[in-house]
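Lettered A, B, C and D in written order, each chain numbered from 1.
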Amino acid sequence: MKPAICVLALLALSAPAQAKDITIGFAIAKSGWMEAYDTPAATAAKIRIDEINAAGGLLGRKIAVVEADTRTDRAGAAKAGLDLLDQGAQMMIVSCDYDFGAPAALVAEGEAMISFFLCAEDVKAGIQGVGPLSFSSSVLAPVQGATMAEWAHARREARAAYVLEDTFIEYNKGICTGFEWMFPQLEGAAIVGRDSFKNDDASIAAQITRIKSLGDEPDVIMLCSVMPGAAAAVRQIRAAGIDSLILNGSAVDGSYWLDATPGLSDFVLPVQGSIHGDDPRAEVEAFNRAYEAKTGARPASQYAYPGYVLIDLWAKAVERAGTVEGAAVTAELEKMSDEPTAFGPRSFSSELHHQNTALMQIVEISDGKPARIDEWRISQPVPLDVLMGK
Amino acid sequence: MSLQLVFDALSLGGIYAIAALGIALIFGVMNLVNFAHGQFIACSVFALILPSADAVATMGLGALPAPLLIAAILAFGAGLAVAAEALVFRPLRNASPVALMVASFALGILLQNILLVAYGGRPKAVSLWPQLGSPVQVLSAQVPLLQLLVIGAVALILAGLALMLKRARVGLEMRAAAEDFDMARMLGVRANGVISGAFALSGALAAVVALVLVTQTGVADVRMGGQIMLVAFIATVVGGMGSLAGAVAAGLALGAASALLQAFLPVEARPFRDAFLYGLVILVLLFRPQGLFASVGAKPRV
Amino acid sequence: MSASRTTRHQVRRRMAATTPLLLALLLLAFVVAITAFGDRASARMASETLIRVTLVAGFWIFAGNSGVISFGHAAFACVGAYVSAWTTLAPAMKATLLPGLPAMLADARWHVLPASLVAGLAAAALALVTGAAILRLSGIAASIATFAFLAMVNTIWANWTPVTGGTSSVVGLERYVTPWVGLGWAVATLAAASLYAASASGLALRASREDEVAASASGIDRYRHRLAAYTISAFFCGAGGALMGHFIGVINPDAFYLNLTFLMLAMLVVGGIGSLSGAVVGVLAVSLAVEVLVRMEKGVSLGGLTFALPPGSQEILIAAAMILVLVFRPAGLLAGREITLPARWVTGRGAAND
Amino acid sequence: MAKLGVFDLAVRYGKLLAVKDVSFAVAEGERLFVSGPNGAGKSSLLGAICGAVRAAHGRVEMDGDILSGRAPEDIARRGLSMVPEGRRIFAGLTVRENLMIGTGQRRDRAAVADDLETVYNAFPILRERAHANAGALSGGQQQMLAISRALMTNPKLMLVDEPSLGLAPKVVDEVYERLCALQALRGLTLVIVEQSSTRAARVGGRMLLMRGGKVVADGDAAAFAAGDLLAEAYFGDPS
């Protein structure tokens, strides 16, 4: 990458003044545990950037990339954001997670510059938590929870649900919020119990005992958790002989963790696109191949996709606005309503820079094999009050 | 319900007890609060798989047949701890307990970051003995085979260790060294031998915790071991520093308290479970500063 | 003979009085050098370093004088940071992020400086209440109790969502900490630390540190002095926490937990827990070393060739360097000594009679 | 050759010089009392001889071997055993385990069994309480255990620090009686710190008087009972 930047910089110097590059700054984790989540989405974003550059650039200019390492550290993220300003970034792409992305996004906000979270799914990663120029291109966590509620009710006759929440991060709470909003609204459906655990609990035996002490096994268990706690919980739930359908959010997408519970069945999650080669949309599989060509491996989870989508949407807004200036591009982004992308339509408004409803692919794991089985869009968008946890 | 709860408390408390024992052994012989113990656990977990940043893990030592695998992981844990002692703690033998503690923390950071570089930050699935994932009926309770096995293994290890400490020469020397290390040396007990022995044992115990954790959760994560280390550390103090039996008892007690709080706290209060747990710890310390299980005549050390 | 002893005592006192002055000058030189010659990234590093000086020198007031290792001081920084957020954030922001705040706080829109002072006071009040129980313990039991206190505060802060925002970050704090603001707080902390160390309470506490058994004869006094040091110390850690929030603009309970605890401890031990100068030198040494390594990770060009350390190597190298410092200088870089002017400078006429 | 030779030995704690250039020798089979007021440096001297305390300078020899700089366990394995001040028995171990700790380096198991029999005969209470926790013993019994524990290492030279501390006079009599009997039986060389010079005189042996970290008098314990040397040592000018 570095030589490429140097070459671009040299080109910029030798080229006429009006052909100055558009510079995108990536304040992402290149070390520490967040690196595993940021790198795939950043790679996807660069795939779209390469495509745009190959097609002649944006506003007639090439897009250049500068990067700074947050080191999976909040203070490091703020510093990375400021470093990118020094390097001339005109738009800021920040870490996947709200906590680690917000410090850099706030820096961009302070400079009236657009910031995009790579894949944050917390409503605060936008207007509500950063400011009016901040966006995320992923699908809100409560939408994922609500999608699971409605789908399981419609397609699997789920009536009695048990909610098991991991208190580790805000994302988990968002999944449960969406589920608990949607499920009781559905006909004949009720939440029969609720419990919490910590992601790094060595054992969740006490929580499982509580589930087993219900008279009847619940139809579904809404597990709101992320790795590694989610895999550990699933393994322990199945080991205790509980065979209920388990639902989770997109965070557990990917087959890399399935060895933790060999032969796992009746496990369902919503995704933005399938990495398993069975997505009905040709564009999705085309992207998977492009990703493999660039990195040598297919995406490990759906979290590469939002990176591609965000550059796509931002570039369209820039073309329409005719400038990269923050307020003008924001205005164009906010006009987008069901704007088509390779991974389904996307909308933004002046109230919400997130997806409060989305067409999601349903993936089910049967006998240890994940496969796309269905698609679902919730019947009503998740209201802002629910998103804000009120 | 109640019998089930006993099993839950035992399986969690058993893990804490073994981890606490690993910390108490080292504290006893060299006044070191070993904050790297959590990373000894994490390293032992990762030794099961091959170093690679790929999302899907390939088994390393984990591919061995069970008896060999257990022996290899225990040896790995012991070897890691002994190496840490020789390279880091032996040169610091005469440093203050604070300096030792900070050094152990630095060692922990070192190991954690080496794991991050070698394996990447994404948690990995480790399928160790999947056939254990089925429930069995014990009296009125339906218990995962895994849980039974954990309880059985903990009981077996504690019994074996107790026997070793009671009967074997090195066990006698370790117990004496844990009580009064300088006195033991004045009677000809070799410091290096006992300390290396304690580290080897402690590392092997960390490997046991690693195996139990992996069979229980099926995942390997760079950050795992940290939370257990903290609880074990507190158990060591609550049990009475230098008392190995106390560490085990307090580890079991903390596990049981945690399971009971989880079972009986109202749903809104459950996320605050650990705050209640640590509040209990402070109360216990206020009423028994020398620890719950220290003998009455024991003088405070440090 | 006795006359010469008085003189020597006076000289020593005057020498001790020069320590905070010299340390303040050292920090001033550091800031001036960086603002004059460094880039914006160095200025940010300077701000962060000076906040750490505030935290670590504040921590030293308790740990250095009493000899008791506290794991709880990151909790005071946490409380301080949140108190400052509660009082300074825009009310509209608080209505969305922290809906559970009482009306008095929900409508507050204070300036940052009074907020930092109140943050310190809140931390000090918490220290007074919790310390009254915890400091009755001695040695390792006291340390563990502070540890349990830290874990309690963290659990409560991570789950008391309506008031703290839970595990989610609270954002939008005014980023007002420049190297000069940091310098002001650091120097104030150094002054307070040396005043306390020279006070009757500080002297009595250090005497009890040397020999716990002998001093326990006067156990009640020791308890009172410890509590005083703990409270003063918590004030500066609380204020330091507020500064951390106003430096990054974002706070989160996780940022005030184990990593901060051990960073503070490590800097103190690397510099030498026995002296205030050690605390300051420890912060400077660790911060500068980290900065150099981070820059080497980004890549350094040497005669046309770019040389870069692989990502993640900074943490590994810092941890290894810390171990080496402890092995070769177990009492820290300064080994308990204070930085002072030479004796003949403070006596004015020279110390020929000494 | 002297059993124990101490040459210009000094011990320093920070700025405090606890033992200042002390030299003396002890012959094989001799019984040497070290006496003096509190803070005279008696315990520091013993600590430096057995390796528990690092000497600032000077040297200690046993049978012509240099002990200085060796680890305490090496010194113990060469046949120098210590009964420390405050006894420091292992309270959580049984009486028998306390006795066996020092036998790790001894290969001749029969001799160990013999020695165990010897101390059981000397202190029958230890046989009686062999499987009780040592912490449950009375102060006098603990002192006997500490002496026996040291004997079990098969020492040629034994250092005993303040065996009478905290014990009733009758019990002290008993401790000394048994100690002397064991010395005779085993041909031991004994160095005993004893604050009470009258006690030392009554037991009998050579006596070294320390004050301010220096040896100020050296002679027969009985001679000290006359009081001249003693008064001079306690109140006189050490320089």
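One rule holds in what follows: a contact is a pair of C-beta atoms (placed from the backbone, for glycine too) under 8 Å apart; a residue touches a chain by one contact, two chains touch by 3 or more.
Everything quoted here is computed from the prediction, not taken from an experiment.
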Self-check item: Chain located farthest away, centre of subunit C as origin (C-alpha)
Solution: D
Quiz item: If you average all the Cα positions, which chain's own average lands nearest?
Solution: B
Practice problem: Express in whole angstrom the distance between the two chain centres, defined as the mean CA positions of subunit C and subunit D. | Solution: 49
Quiz prompt | CA centroid of subunit B to CA centroid of subunit C, Å | solution = 32
Quiz prompt | Mean-CA-position distance for subunit C and subunit A (Å) | solution = 38
Quiz prompt | Shared interface positions of subunit C, touching two or more other chains | solution = 159, 311-312, 315
Self-check item: In subunit A, residues with contacts to at least two other chains
Solution: 31-32, 35, 167
Quiz item: Which residues does subunit D have that touch at least 2 chains other than itself?
Solution: none
Quiz item: So how do the chains connect up here, line, ring, star, complete, or something else (other)?
Solution: other
Quiz item: For each chain, which other chains does it touch, given as pairs?
Solution: A-B, A-C, B-C, B-D
Quiz item: If you look only at subunit A, which of its residues touch subunit C in the complex?
Solution: 2, 30-32, 35, 69, 71, 74-75, 78-79, 82-83, 86, 98-99, 102-103, 106, 110, 122, 124, 128-130, 167-170, 173, 388-390
Quiz item: How about subunit A: which of its residues touch subunit B in the complex?
Solution: 29, 31-37, 72, 167, 194-198, 200-203, 205-210, 212-213, 227-228, 231-232, 235-236, 238-241, 254-263, 297, 300-301
Quiz prompt | subunit D contact footprint on subunit B (complex, rising order) | solution = 169, 172-173, 175-176, 179-180, 182-191, 243, 295, 297-298
Quiz item: Inside the complex, what are the residues of subunit B that reach subunit C?
Solution: 35, 88, 91-92, 94-96, 98-99, 101-103, 105-107, 109-110, 113-114, 116-117, 226, 230, 233-234, 237-238, 241, 271-275, 278-279, 281-282, 285-286, 289-291, 300-302
Quiz item: Which of the residues in subunit B come into contact with subunit A in the complex?
Solution: 1, 4-5, 7-9, 11-12, 15-16, 53-57, 116, 120-127, 130, 132-135, 142-147, 213, 216-224, 226-228, 258-260, 262-263, 267, 270-271, 274
